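Two complexes are shown next, each including chain A; its partner changes from chain B in the first to chain C in the second.
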Partner chain A sequence: MDSALIPKGVKRCPIWQFALGLGVVGAVLLWGVYAMILCWFKGLNQTNMNDYYGFALWIWADLAVIALGGGAFFTGLLKYVIGKDELKNIINYAVLIGFICYSSALLILAIDVGQPLRSWFIFWHANVHSMLTEVAFCLSCYFCVLTIEYIPLILENRQLDKVPFVHNLSHTMHEYMAVFAATGAFLSFFHQGSLGGVAGVLFGRPFAYREHLFIWPWTFFLFTWSAAAYGPCFTLLVTRITEKITRKQLVKDTTIQLLAKIAGWMMFTYIIAKIIDTVYWATTTAPSLGFTLKDFYSNNPVYGYWILFAEIVLCGVVPALMLITPKIRSNRLLLTLATILAVIGVSLNRWVMVLQVMAVPVMSFDIWAMYYPSWQEVATTILPVAYGIILIMISYRYLPIFPQEAELNPLEPEADMAAAAGTEETTEEVPEPGLTPAEA
Partner chain B sequence: MKHSGNFGKPKRYGMVIDLDKCTGCGACMVACMAENNVPFKEDESKKLDSISWLQVYRLTNGKPYPDAEVCYLPRPCQHCAGKHEGHSPCVSVCPATATDYDQQTGIVSQIYTRCFGCRYCMGACPYHARHFNWWDPVWPKGMEKYLNPDVSARMRGIVEKCNFCFQRYQKATEKAHAEGRRDLEENEYQTACTQACPAGAIIFGDLNNPKHAVHQIAKPNLKKGGQPQNPKAFRLLEELETNTKVYYLSSKQWVQDAIHKPHLLDQKEAHH
Partner chain C sequence: MFPFNFEWMWDMSHIVFMGGLWYALGILGAGMTFCVVKAILDTANGKGGHHH
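Then we have the complex of A and B:
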């Protein structure tokens, strides 16, 4: 039924199977939308947040998806600015994942604020001293950049590409993509950093506070660094999951290995910086504010030293070492394991920098504040996941996301027959290998 | 509220709360709510989402009878000046300039119509002095007639906090202006909690003015961010350099120690 829209030279599942998948994920999406509407119309009393826990699950999800979406800006930087041309085979997917992550982050923020209709005040009455202002500006600008990077991909749809204007527009946009990639990297350095700064500047919260370099706390640099390191791991992991679901190889090993190696070294250097930061904070910063490390990890049911170990060693040092070791990295299973650990590690870091900050008592007569999310919070946090899956499903089906797919999965003669019989499989000519669809 | 008029030298309004005198009666909390139209819920048992600009904490020395001792600690907004005047934890982080530091009075204010409810200020405040309106205010039938006309009621989705009854300052300065005066007398501007305290435990005034009781009692060292020079006086979380304008007095050593050493307190009974 939709075979005319499917990219040339590739095979897709029958429409009924696709529709069924969309329906299942769509049901989850609708559940999230219902919770979102409740939050908008009834207010944030639908959540389990309170005056001690003003930042909760959503803000963690927000920080986590932005870090995980960092694969887009870093892969773009590597491909377009540094010249790692091999990464052209995964850049489309990195951009798509980044687009999903950042649009999700903006959606979460729209639900999270108490007065969504006043959200524009952050631009209109901007406080230039606030890290959140910087986040808002850079995040919005970078989302525009991601949209610009995603548009040519949409325009490469088989039918759209037939329109001369669209074809030329897409081609021209590709020519200037390096400019957008560089702009995106510049903006990302700032908003990823500002998100780190959001916690690092809280001098009233010794658990979060870090020393500054000029106006930027160390968390500013650590967040940018970690997004560049862990973001590509998420791109690799999602690519692997997509390959498992579609039961075909979509990106060549050389590309995967290159990105994994770069991510591994970024993680390795990041985790050294993170360890130095943690030691300095534990031995110098926190004591100067009247706290010991033990104060942050005791007298509560959840937050113990285990979380420090899990974030830095188990999901930091271990995956970094795995990724920089060629023998381990070249094993697909171990590579996937390393990327899973890395994704958990960066998510844990964002959790600690948001939720544990809120939980730790500061005044001596305060107690640990524990929190668990309401179903509305859970549903609205799953909502972007469902939205992301749907966008990936549609994009994968109708857009040439993976330039190597046709080459790696040559169509069998039966496919020709099936196409002739009117099924949803396409048998168009395979584009020239090694070129992105736009270039082809 | 950065420029609230030229009324002579900048003031530094602050409080001294004598914990030896506080009985924990809660009159200050009630007066604060009535003065400032603070909304309340039908069921106030869940304290973590209740709005209470002035919270009274109950501290105990953790010892069994007959050595058990109790101290009540009222905690309004501490009106932090920060490391340099105006760099309060909350003011510096608000992205929409919805909370401001008045250089003329040292009062940290909240602009309700500008706040969009991101709650970053709440996360930044170590004193939990900021409260979010999780619900729209619902007043018992007829009570809306008794609301303070000088204070706007707040809507759902924004943050509010103690502002040292700023509306009283505005009224007093307007009156002084009309009478051709630039400065206020000490008793012309007093907060509702100060006036309501039956034990006289709360004293309010200008910390910069040597004639005011707060200055004489706390003896703030203005060269060191207002650190108290009275050995009985202390501020909460002095190490963080929030440089608050609320000073506490206690003659009991365990209270002074407990403010810095959490393990000396019976934390299970910390919330009032």
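Then we have the complex of A and C:
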């Protein structure tokens, strides 16, 4: 039915199966939209945020998706600026994942601000002494970069590409993409860093406060570093999940191995820096502010030493060592396990830097303030996940996201018969009539 | 925010923050304008009629 829109030389599931999948995920999306409307119309009393928790589940989700979406800027930097041409086989998907992550972050912020119609205030009445202003500027600009990187993919749709202007535009945008990718890397460096900087400058909260280099706390550099390290792991993980669902190999092992190796070394160097930072904070910074390490990890029902161990060792050191070891990295199962651990690790780090910071008592008469999100907060946090799955489904079906797919999955004669029977959609290239076999 | 807004002050913070924003938007805007103009000119010159 929609075979004219499907990229050439690849096989897709029947339209009814596609529509059914969309319907199931769409139902989850609608649940999130309902919660979002409640938050907009009834206000933030729909959430469990309070005087202790001005930042809560939404800000954690924001920071987590921005870190996980870091695969787009770092893969773009490697491909367009450093010249790792092999990554051209995964860059489209990295861009798509980045686009989903950043649009999700903006959507969550639009709910969180409570008055989305006043979002432009941050640009017009900017507080130029706030790290969050820099985050808002860089986030918006980088979303523009991701949109610019995603547009040529849309324009390469089989039908759109037939229009000469559209074909020329996508060709030109590809040709000059290095300029946009370099701008994106510059913007990402600053907004990833400033998100970490926000925690590091909180001198009234010794759990988050860190020493500075000029005006930047260490968390500024750690956040940028971790996004560059863990972001590609999320790209690899989503690629693996997509391959499992489609039951196809979509990217060659050489590309996967290269990206995994780079991510592994980035993670290894990051985790060394993180351990040094943690030791210095635990032995020097926190005691100088009147706290011991034990104060941050006891007398509460959730936050024990286990979270420190899980973030740094189990989901930091372990996946880093797995990814830099060629024998382990080349095993697909272990590679997937390493990327899962890495994704959990960076999400845990963002949780700690947002929510544990709020929970730790800072006054001698204070107690631990625990927080549980309301269903509206959970639904609006799941909303971007459903939106992301839908966008991936549509993009995978109609756009040439994986340049190696046709080569890795040549169409078999049975596929033609199945297509004729209407059970699946194929678009094998048919020679033009009047051509000799050689010309065809 | 622009220098003609009442909140504007000619200090380093405003120049760095707002200058950075305009610089980034300028590159993106100029880059996209260039791509669109080049695509229009290429189309007018008959390029893009074939597919590879």
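Going forward, the second predicted complex is superposed on the first by the 420 of 440 C-alpha atoms of A that agree within 3 Å, B and C clash if a C-alpha of one lies under 4 Å from a C-alpha of the other, contacts with A are read in each partner's own complex, and residues count from 1 in each chain.
Convention: a residue touches a chain if its C-beta (ideal position, glycine included) is under 8 Å from a C-beta of that chain, and two chains touch if they have at least 3 such contacts.
All values reported here derive from a predicted model rather than from experimental measurement.
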**Asked** Counting residues of chain A in contact, which comes out ahead: chain B or chain C?
**Response** B
**Item:** Partner chain in contact with A:V360 - chain B first, chain C second, else both or neither
**Value:** neither
**Request:** Name the contact category of A:V201: first (chain B only), second (chain C only), both, or neither.
**Result:** first
**Request:** For A:L383, select first, second, both or neither according to whether it touches chain B, chain C, the two together, or no partner.
**Result:** neither
**Prompt:** Which holds for A:N45: it touches chain B only (first), chain C only (second), both, or neither?
**Reply:** first
**Message:** Between chain B and chain C, whom does A:V179 touch in the aligned arrangement: first, second, both, or neither?
**Reply:** second
**Request:** Look at A:M131 in the shared chain and tell me whether it touches chain B only, chain C only, both, or neither; answer first, second, both or neither.
**Result:** first
**Message:** Looking at A:A286, would you say it contacts chain B, chain C, both, or neither? Reply first, second, both or neither.
**Reply:** neither
**Request:** May I ask you to decide whether A:G54 touches chain B, chain C, both, or neither, giving the answer as first, second, both or neither?
**Result:** first
**Request:** Would you check which partner chain A:I256 touches, where first means chain B only, second means chain C only, and both and neither mean what they say?
**Result:** neither
**Residues on chain A lying within both footprints (that of chain B and that of chain C)** = 124-126, 129, 133
**Prompt:** Which positions of chain C touch chain A when the two form their complex?
**Reply:** 1, 5, 7, 13-14, 16-18, 20-21, 24-25, 27-28, 31-32, 34-36, 38-40, 42-43, 47-49, 51
**Message:** Which residues of chain B touch chain A once you look at their complex with the stated criterion?
**Reply:** 46, 48-51, 57, 59, 73, 80, 89, 92-98, 114-120, 122-128, 130-136, 155-159, 236-237, 239-242, 258-262, 264-265, 267-268, 270-271
**Complex contact set, residues of chain A against chain B** = 43-45, 49-55, 112-116, 118-119, 121-122, 124-127, 129-133, 136, 198, 201-206, 288-290, 295, 299, 357-358, 361-367, 369
**Item:** Touching residues (chain side chain A, partner chain C) in the complex
**Value:** 123-126, 128-129, 133-134, 137-138, 141, 144-145, 148, 161-162, 164-165, 167-169, 171-173, 176, 179-180, 183, 186-187
